[in-house]
Amino acid sequence: MELIFEKSVENRGCEILPPSDVPVIKIENRYLRQNDLHLPEMSETDISRHYTELAKRTYGINNGFYPLGSCTMKYNPKINEEIAKFPGFSNVHPLQPVHTVQGCLEVIKLAEKYLCEITGMNSMTFQPAAGAHGEFTGLKLIRAYHEERKDNNRNEIIVPDSAHGTNPASAAMAGFSVINISSTKDGYVDLEELKKAVGENTAGFMLTNPNTVGLFDKNILEITQIVHDAGGLCYYDGANLNPIMGIARPGDMGFDVVHLNLHKTFSTPHGGGGPGGGPVGCKSILKKYLPAPRVIEREEAFDKYDLASAGELSIGRVKEFYGNFLVIVKALTYILTLGGDGLKEASENAVLNANYMMNQLKDTYHIPFAGPCMHEFVMSLEELKKETKVTALDIAKSLLDYGIHPPTMYFPLIVHEALMLEPTETESKETLDQVIAVFKKVYEDALNNPEVLTGTPKKTPIGRPDEVTAARNPMLRYIF
Amino acid sequence: MELIFEKSVENRGCEILPPSDVPVIKIENRYLRQNDLHLPEMSETDISRHYTELAKRTYGINNGFYPLGSCTMKYNPKINEEIAKFPGFSNVHPLQPVHTVQGCLEVIKLAEKYLCEITGMNSMTFQPAAGAHGEFTGLKLIRAYHEERKDNNRNEIIVPDSAHGTNPASAAMAGFSVINISSTKDGYVDLEELKKAVGENTAGFMLTNPNTVGLFDKNILEITQIVHDAGGLCYYDGANLNPIMGIARPGDMGFDVVHLNLHKTFSTPHGGGGPGGGPVGCKSILKKYLPAPRVIEREEAFDKYDLASAGELSIGRVKEFYGNFLVIVKALTYILTLGGDGLKEASENAVLNANYMMNQLKDTYHIPFAGPCMHEFVMSLEELKKETKVTALDIAKSLLDYGIHPPTMYFPLIVHEALMLEPTETESKETLDQVIAVFKKVYEDALNNPEVLTGTPKKTPIGRPDEVTAARNPMLRYIF
Amino acid sequence: MGSYVPNTKKEQQEMLASMGYSSIEELFSAIPEEVRMKKPLDIPDGLSEMEVRNKLTRIAEKNKVFRSIFRGCGAYNHYIPSLVKQITSKEEFVTAYTPYQAEISQGTLQAIFEFQTMICELTGMDAANASVYDGATAAAEAVIMCREKKRNKAVISGAVNKEIIETVKTYLHGTGMEVIVVPELDGRTDILALEDASGEETSCILLQQPNYYGQLEDLDSVKKIADKSGAKFIISCNPVSLGILKTPGEYGADIAVGEGQPLGLPLSFGGPYLGFMAATDNMKRKLPGRIVGETKDVQGRRAFVLTLQAREQHIRREKASSNICSNQALCALTASVYLSTMGRKGLEQAAVLSMSKAHYLAERLCELEGFEMFYTGDYFNEFVTTCKGDPYRLMNKLEQHGILGGYPLSGKNAGNILWCATEMNSKEDMDELIQIVREVEE
Amino acid sequence: MGSYVPNTKKEQQEMLASMGYSSIEELFSAIPEEVRMKKPLDIPDGLSEMEVRNKLTRIAEKNKVFRSIFRGCGAYNHYIPSLVKQITSKEEFVTAYTPYQAEISQGTLQAIFEFQTMICELTGMDAANASVYDGATAAAEAVIMCREKKRNKAVISGAVNKEIIETVKTYLHGTGMEVIVVPELDGRTDILALEDASGEETSCILLQQPNYYGQLEDLDSVKKIADKSGAKFIISCNPVSLGILKTPGEYGADIAVGEGQPLGLPLSFGGPYLGFMAATDNMKRKLPGRIVGETKDVQGRRAFVLTLQAREQHIRREKASSNICSNQALCALTASVYLSTMGRKGLEQAAVLSMSKAHYLAERLCELEGFEMFYTGDYFNEFVTTCKGDPYRLMNKLEQHGILGGYPLSGKNAGNILWCATEMNSKEDMDELIQIVREVEE
């Protein structure tokens, strides 16, 4: 379809702002832009239609099943959105005096309290804007810890090969060397590998548990012990927290730092890529390193909450102000709605739904890791590919024609031709049954009519795009 | 697609209300319902998806061109919607004390003032909820006028055959006999017919001007004079007001009563059929008959506005409270946005767009009435039908496959195989050009491949429905 | 000046030139000089969006938004789920026209079909229409539906909301039909008077349940009277109450009508609201307004269409059953989404909570000296009490605390107050109200 | 308790039974007993939607919403058109995931492509990414982009917003890169000191335009210093100001970054905001984060995809140019819709109005005794004045009138106030402010 710039007509436009009621200031020419500014010149009618068309070419959770493994695409409650739009939250300047933002500070403090309880941590910062940002922040805490102890050789972060790509990337960004270790064939941390990897250079170890193949690592206490014994700290990647709320806590597993993805576990929307929320929780030993300002609570009845600035040991600021505040509001709304019991119910049903799907599909698709799984499971299309040349990608693209968002593809890297499914707890059995039928049908087609699948999708606004050309000759903007 | 009832699962649901914080009252059995109440039992996820799917199967102004003649499907500004949602408007109880609703009363009074200026009337009631409701109310005023004068034989309302169906229906509902008169071949009021029709039984005459073929009746002063001379009153159907704002006023044409369609001329949304707004304006002689309560303005600085109850001569209430209040808010927002000049600019461009389209299409389609037209024009497919058997309906349905809403079909009744186009002023030349090209293409197809058109639409969620069966064996609800 | 005209001056000139004109003015040549406006409209200059928003913000601020509302009388302060607001704001639903073009209007049509079904379920009736303007016009249309050649008297209980009675009277005036209002007795319809008023000329009997004073009527007795006189029986009902109360269908009504505002529509100073109408199978072709029916498309797929159009004005003109054209479709959609979100249990809960809160409030109020129940029958969520002092003085005091108290009645009820409670009134709020009343009246 | 779990207990049992289990508990058998929670979460019981809404309403009411705001410092109170709010509330945009599946994500992808184009246009640069977290992290990422083997010193002006400087420092700490902050002089970067600080080890020079104090920097001189030392030149800019101000591209910047909040995002107590980044063509492959490119689909139709993914963490892992995964996509969409709605003229108008209002306010303030401009250079819409008395006392007084006054500065600027104006501040509001200041300080 046409770009908005191609719909623009010179001198067309909307009348949004009034004329000036004060003398208009002209600034010296040397400060003025020389080149024309090309922005769309459009009527409201046409802007409205343009974005309506774009919305129609976008697939949201409201459009159907969205089983992206490790992404936890659960339903985003509308009440969260409504509350985040309250003027008392959205029309507040971040630098207002603290006595005028007691409500905002209460939101942050309550969120800290509840999320610490859920994770078994003692303190939390909400400044990180996303999961990867949280990882970076958490690793900075680990760095600060070793630095204060003058343990200056600890510059290695150990990461299993099943980890999300952000883990090694964050470690590198935080200035660490990354030590990759391989997993066992069952997808667990290989204790022997870990033991070999730890040592006096070990700053920390990063893990998501349940791991990226959807299994809870039963050796978790031993794992964290090994790291601790070697003088390292344990970092918990919260991407997979959804199945264990109220059931097991990273803090109790021996983790020292954790980040959460509010946009996964705590139902805030993904927004087509963001904004997210990546708060970082830590044990007491790391509290003094947290970014500032931090919300503190006092005994007083008035101005109960205040902002404390950074202590000397703080790693410093990782973002402007206090994080993606409205995302925190939404997450808190969700927590208050579900309550302690409800969070556990959510986790239980996330696991139930995943196991149900896995069980229904296991006779058709190859499931490399035996269940029960946690909230997600991985299928391997390796054998199907050998037999029929149909790839995981082809299966995924075929699903599009049934109005289903494909699972995460080709991740984790330790499984070949992987499709990783996470149905989440907000899907009903009826939806799962419908989707299961489609998965079976697609597999049938792969066996009987493989060439049909490679031509999919057919019913989407575009077919498969040429990604190679896009990367080779990047066209990254419209040229006027 | 499935009905929401078919997606319901027993005991599923949303948690909206809290448990009771007071003792729960049980009422005597004889007051209790006996039969089960079947309402959907659904999760939020599934309700959201159900209505998303329904929205996708609905065509709004944001989806594209909507040239429904006589319906004035202009752009519905978003600022109107935003303002109507202000708690200061939407959370106000209709029976609050007047000193707590001064803002609401000001909205109604301002709307009255501006709409009287636009129409050349002296007073206005906002109680009527829609155009037809306005007609009914206006006709009641006419009845009250004659009754007070003891002119008790005046029970006939004269209506031209080009009129909207609501005109005769409203007249009948208000207890009048309807006298239909035929139009001239040019679509105007036939003065001779009118002269023959008026007499001592004439209560009034209803007309829309510009008329339903899009022409301004040049004899308008003579027409209203004939009616007045016969002792009748003149009613202006405001459905076609859009082309004459700031240019000519019903009051100046000799009309005594007028209704407006806020959802046509004043940009409030049609809502898939409503709610609309059908305020009725009248000359001073009719003011005492208006429905009550009426907003009155006082000199005082505080509580400037008050509500006056019905005088003895009032026709009485035609609706609860004060009309579709939020619709009035939206219309007032629109009027304040455009201002006097802007309203005229809107009318001028409505006429320009209609003439442009007519002119571009006139060599292809048969346009029975010579231009320039006002805001709409009528095409006749009669000859095409004779030649190719392709009907106005077929042309209309073909447009659906191009993502265009068809024009009004088979109206006015005085034109055979009519298609009536009203592009409105909020469409751009580019859109008109695209649509014109489609109209020409469809005509080409009608000549060359008539059978293709009769099979249309092909790209819509359903094809042509079987309306005959629907009416013969009505299935008006889902049976559980 | 704000403007939604996209075409630039340059484009306007191009368009004119393509037709051989040089000014827009020429397009208006058909309008006689005598009716041309000689001066510009006396309406202020247009404003930018920001100015308009500021101006209307200031106007809205002149209204008081009460944090606690104990007033009903036909407009009820119920909780509106977030999902309802979100769904009914979808542009497609908001901006679409009446669904004449079924192929691209299945969304609106199916939503209405579902609405009709829900209204039938709520009321226990067989067929419903796609809405009329409000509860009062629904009642008026229902009365008109019942007209028969030799029956031209509509009997209406005086315990029906006055606004409804007035509207029915306006609708019937001049049509040859007569309205007979039967008085109420102790807050309920005087059944003996009703029996007296009903006879072979009675076309219909209209009652409201719960009635204007919140009292529950003895509708079984009314049904007997209706049957005896051969009149149709119309019940105007509160849809939330039908979450638990006996339905019009169960009472044997021929037509059920009501104000749908409690089903997810904000108070909005009185509108837009929603009139719903449902009838028995044998009266369905007399229903006014839009009706959606299920059918199949050319390929045999389920399809919905506007049906029984032969009743309607655009086909039948002066012979139509009603003149209605625009209705309250978006409000009907709102009610559907509300009922889907609340579900069976949720609606029942809303009804039980409203009734329980009202009874708690009544009990607490009547502990105060000078306050007692003015009517003694069973009631749902509204009730009338006496007031020790001047009700208006009490209301002013409550207003200072952000509370909209009950409605001070007039006429023979002058000095009394009509109270209302819903699930929105917490015990805490009610206790606060009682405390204030106590202070004022001491 | 609220719950978004659709499956009923009955269905849960059916699902378990189909797998041969009898309780959900059994599915968790892999979790060792030692790490199981022994007691329920210490979190209050869940609430119904209505209760949650009430609870958060009360919390929100503890915040003060000012009707008039004269504070900026990185968060600006601009007008947000209604259309922007409407479009960005569309569920498809709000709830979609990162557009990996291009076939069903053309909407998000095209919107980002359009965003990239608009950011390039605003900044005068060649290529932009799909957003990072905010203006501060954008600056930090830009500094990291400039790292070269022998150049590990980033030179930053002390007139840059302190939050940005702090964030850059955090990002660089421990990476072997050093941050050198060059002092400001009379509210602008000390050019001589900057020249001294820059040399062959300098990887980049970062300035802000307009700077933290609202002053306009002499960026032409900075460009010369950058060129001379061979360092990259990064400009952090206010996007609204670029409606009229010379662009980073025109100044010869290698990278332009900024906080996109002024482009249609509400103040929101500091977030979510929007970091934008644009670079010259030869640095485009060093940009962090998502980038959308245009290509064709199998049928030759225009198509958009996430591209240059070889830079990214999910492909390159520890060798990625950044770890960024989630960004601020919906905020980027908001900025796009804002810029489309405002258009070229509208953005220029926002800039001119903001600047003009600030100058009016400054002039009026400086008519008061004890108030004068602390810095004398040209400025855009922020400026620093002295204050006759205690700035905090003045702020309290203004607060009582619903006005959020300027920001009281600290450090060597203690006692001074940093003021800001935008198109939202009417002359009337500013005159009122002046009147109050006059009264307080007399």
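We just call them A, B, C and D in the order they show up, numbering each chain from 1.
Methods note: a residue touches a chain if its C-beta (ideal position, glycine included) is under 8 Å from a C-beta of that chain, and two chains touch if they have at least 3 such contacts.
Heads up on the chains, UniProt names are A, B = Probable glycine dehydrogenase (decarboxylating) subunit 2; C, D = Probable glycine dehydrogenase (decarboxylating) subunit 1.
These numbers come from a predicted model, not from an experiment.
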Quick note, more Cb pairs in contact for B-D or A-D? It is A-D
Measure off the straight-line distance from the CA centroid of chain B to the CA centroid of chain D, and report it in whole Å.
46
What is the distance, in whole Å, between the centres of chain B and chain C, each centre taken as the mean of its C-alpha atoms?
20
Rounded to a whole Å, what is the gap between the Cα centroids of chain A and chain B?
48
Quick check: what residues of chain B touch more than one other chain, meaning two or more?
9, 12, 14-18, 42-46, 48, 52, 56, 60-63, 75, 77-79, 81-82, 337, 426-428
Please set out, as single numbers or ranges, the residues of chain C touching at least two other chains.
1-7, 11, 46-47, 49-50, 53, 79, 81-83, 86, 89, 91, 423
Treating touching as the only link between chains, describe the layout with one word: line, ring, star, complete or other.
complete
Tell me, which parts of chain B touch chain A in their complex?
7, 9, 12, 15, 43-46, 48-49, 52, 56, 60-64, 75, 77-78, 337, 426-428, 430-431
In the complex of these two chains, what residues of chain A are touching chain C?
9-12, 14-19, 42-46, 48, 52, 77-79, 81-82
Which stretch or stretches of chain D touch chain B in the complex?
1-11, 46-51, 81-83, 85-86, 91
Chain C touches which residues of chain D in the complex?
49-50, 53, 79, 81-82, 86, 89, 91, 423-424
